[in-house]
Amino acid sequence: MFRVNVRDHIMIAHSFRGEVFGPAQRLHGATYVVDATFAATELDADEIVVDIGLATEQLHAVLADLNYRNLDDEAAFAGTNTSTEALARVIADRLAERVQATNLTGITVTLHESHVAWASYERPL
Amino acid sequence: MFRVNVRDHIMIAHSFRGEVFGPAQRLHGATYVVDATFAATELDADEIVVDIGLATEQLHAVLADLNYRNLDDEAAFAGTNTSTEALARVIADRLAERVQATNLTGITVTLHESHVAWASYERPL
Amino acid sequence: MFRVNVRDHIMIAHSFRGEVFGPAQRLHGATYVVDATFAATELDADEIVVDIGLATEQLHAVLADLNYRNLDDEAAFAGTNTSTEALARVIADRLAERVQATNLTGITVTLHESHVAWASYERPL
Amino acid sequence: MFRVNVRDHIMIAHSFRGEVFGPAQRLHGATYVVDATFAATELDADEIVVDIGLATEQLHAVLADLNYRNLDDEAAFAGTNTSTEALARVIADRLAERVQATNLTGITVTLHESHVAWASYERPL
Amino acid sequence: MFRVNVRDHIMIAHSFRGEVFGPAQRLHGATYVVDATFAATELDADEIVVDIGLATEQLHAVLADLNYRNLDDEAAFAGTNTSTEALARVIADRLAERVQATNLTGITVTLHESHVAWASYERPL
Amino acid sequence: MFRVNVRDHIMIAHSFRGEVFGPAQRLHGATYVVDATFAATELDADEIVVDIGLATEQLHAVLADLNYRNLDDEAAFAGTNTSTEALARVIADRLAERVQATNLTGITVTLHESHVAWASYERPL
């Protein structure tokens, strides 16, 4: 199995609903350093999984719709908790729609929220 | 598959038995930066894999029993080599006893022993 | 010159006023991974600059007043831009009030806002 | 599953053929920080996956044949694109020939080409 | 003293002249992860040292003239060794010409050439 | 000012004397990831501060006398606390004796003891 990873980041505000979240129920924010990892069982004719430049552009385009926003005000997240793991799934699903190639078999999106915590979502393509 | 990771560290002394270990047969020590990664196929009702605060507390509690100790003197490790990979299993098994949730499917514990080496143990829950 | 550094983090929401900030004028947020670096020309009687455990506690106490908050709603920041560099100064000044020791000569606080950007403030003690 | 990772690096020149590579069609270069990860379902008699010292030596020996070279001039790569993912496979295959142990089940080689991009190849042993 | 840092990277080929360089006298290459650090004694009217977006653009513009090139073929470096420290000075000097602001007092450019080595050049503005 | 940094690591056991150290008064250990930073106001005839290969060898030689040891048993440290900052000075002083060059003006040694703490010592040459 081959994998290729590209990295970018977003800076958002949000709050959580649920006692488990304690002080994170207040409006706060996060920088998410975002890794998008593409998997393939075979390389394509150019001997790559996906072009790193293209993957970087597509990840940046997906993140542009989230960056510098208060996620509590976004219709797409109404009634949901934008936890790190839930956001990882949203970004992976949106990226999957954009990066189509016959050799790609899966995608993993990892959001690093600090130097001590991250969450990820892995799905087939 | 969703994953959530939390990080902490311990500082221990130990020695190894076996010629393969060379100078590491002498009493020495290590800082282990410890990552505990929780896996789940579905998010829970709060839309998370596990609360990051709770996971951090549980990892810290498991590590407290190892931290600032000479592992050569610990009854739990009598007659064994406390290699990085063996310690990863001990920590994963102890953590598995503490973090029970119906949505969790697995746990991986990774011990970074320097900027150039790490070991991990992955097990189902 | 000796230096000792400890690290913690905060997750906050805020917005900026001024055209130079572009989309960051919207309410958004950040994780700041915070390094507090203490400088001393001589070690104390215990042969340290400052106890790492004590420094960690004091940094955590200072950050607790900022963590999981919308800085736009904090009276302490009314009418100001909570830029990364301005926050670094606030944290350094608050920490300076708490960590008093005759051997300490300076403190630097660095806020890492992503994998590609940070700001710091250095002051004498 | 147990895993052990060791790290080293190489500094090489190369160019790519194919319009998808854009400016990377010109002769340029890269530092690859190389992680070699060994997997085993059981520990050996010394309670390790593989000796970290031995793994480090073997990785270094494999990388010595690539380091400080223009890969465009190497016969082994004639007519191929030495993409990060293709190089990961070459290094994994060469390492697999050198590190034979009955307990080892797989190897993954990851090449970090910058702070924002990496590629890897995972194979059974 | 306030400081603000932004990061980018380049991938170049080059060779060195001089026996001290050993195998690095051969044509090889490097990824340089480049940090540009701006220093100021006072914040400007927007309460910043320099806009992080602007600093990122200026650094990217300076690096664009070096990226994906064989430095041995560049007229600007004829007859010189493009050592990591010498390149740090070139980038700092070119950046100094572009980023002029009355509050800025200095700039440091750091080139990380691997996980174990970096070089930097610090100059007044 | 130019600077060049090389990195290596040691794994040692030790204990501390003094109530301020709390549980670290017990025999424990640490991995120290060690950065040695050399400063020069001018580059030498090869256009470098110091050869990175040479600096790496000299740092490794200094660390070899400390690596895989219980520092409580070393005569050189009898009656002293081998705090991170005190060890940084020892390593800097030993390195200063080995790396003599007319262009070098200073050396800083930084010991990273975990992902959240480090100490350093800076001295002239």
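Every chain is named by a letter (A, B, C, D, E and F) in the order it is written, and numbering of its residues begins at 1.
In this text, a residue touches a chain if its C-beta (ideal position, glycine included) is under 8 Å from a C-beta of that chain, and two chains touch if they have at least 3 such contacts.
Everything quoted here is computed from the prediction, not taken from an experiment.
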item: Contact-graph separation of subunit A and subunit D, given in steps at minimum; value: 1
item: Remotest chain, subunit C as reference, centres from CA atoms; value: D
item: Distance-maximising chain from subunit A - centres being C-alpha averages; value: F
item: Copies subunit B and subunit D touch via same or different residues, half shared test; value: different
item: Superposition rotation for subunit E onto subunit F, Cα-based, multiple of 5°; value: 120
item: B-F or C-F, whichever has more C-beta pairs in contact; value: B-F
item: Computed distance of Cα centres, subunit F from subunit A, in Å; value: 40
item: Whole-Å separation of chain centres (CA-atom averages), subunit A against subunit B; value: 27
item: Chain centre separation in whole Å, for subunit C relative to subunit B (CA means); value: 30
item: Sequence positions of subunit C contacting 2 or more other chains; value: 7, 115-116
item: Contacting residues of subunit A [partner subunit D, same complex]; value: 1-8, 43, 46-49, 51-54, 56
item: Subunit D residues within the subunit E interface of the complex; value: 7, 9, 11-14, 23-24, 26-33, 67-70, 112-116
item: Touching residues on subunit F, where the partner in the complex is subunit C; value: 16, 18, 20-22, 80-81, 83-86, 88-89, 115-123
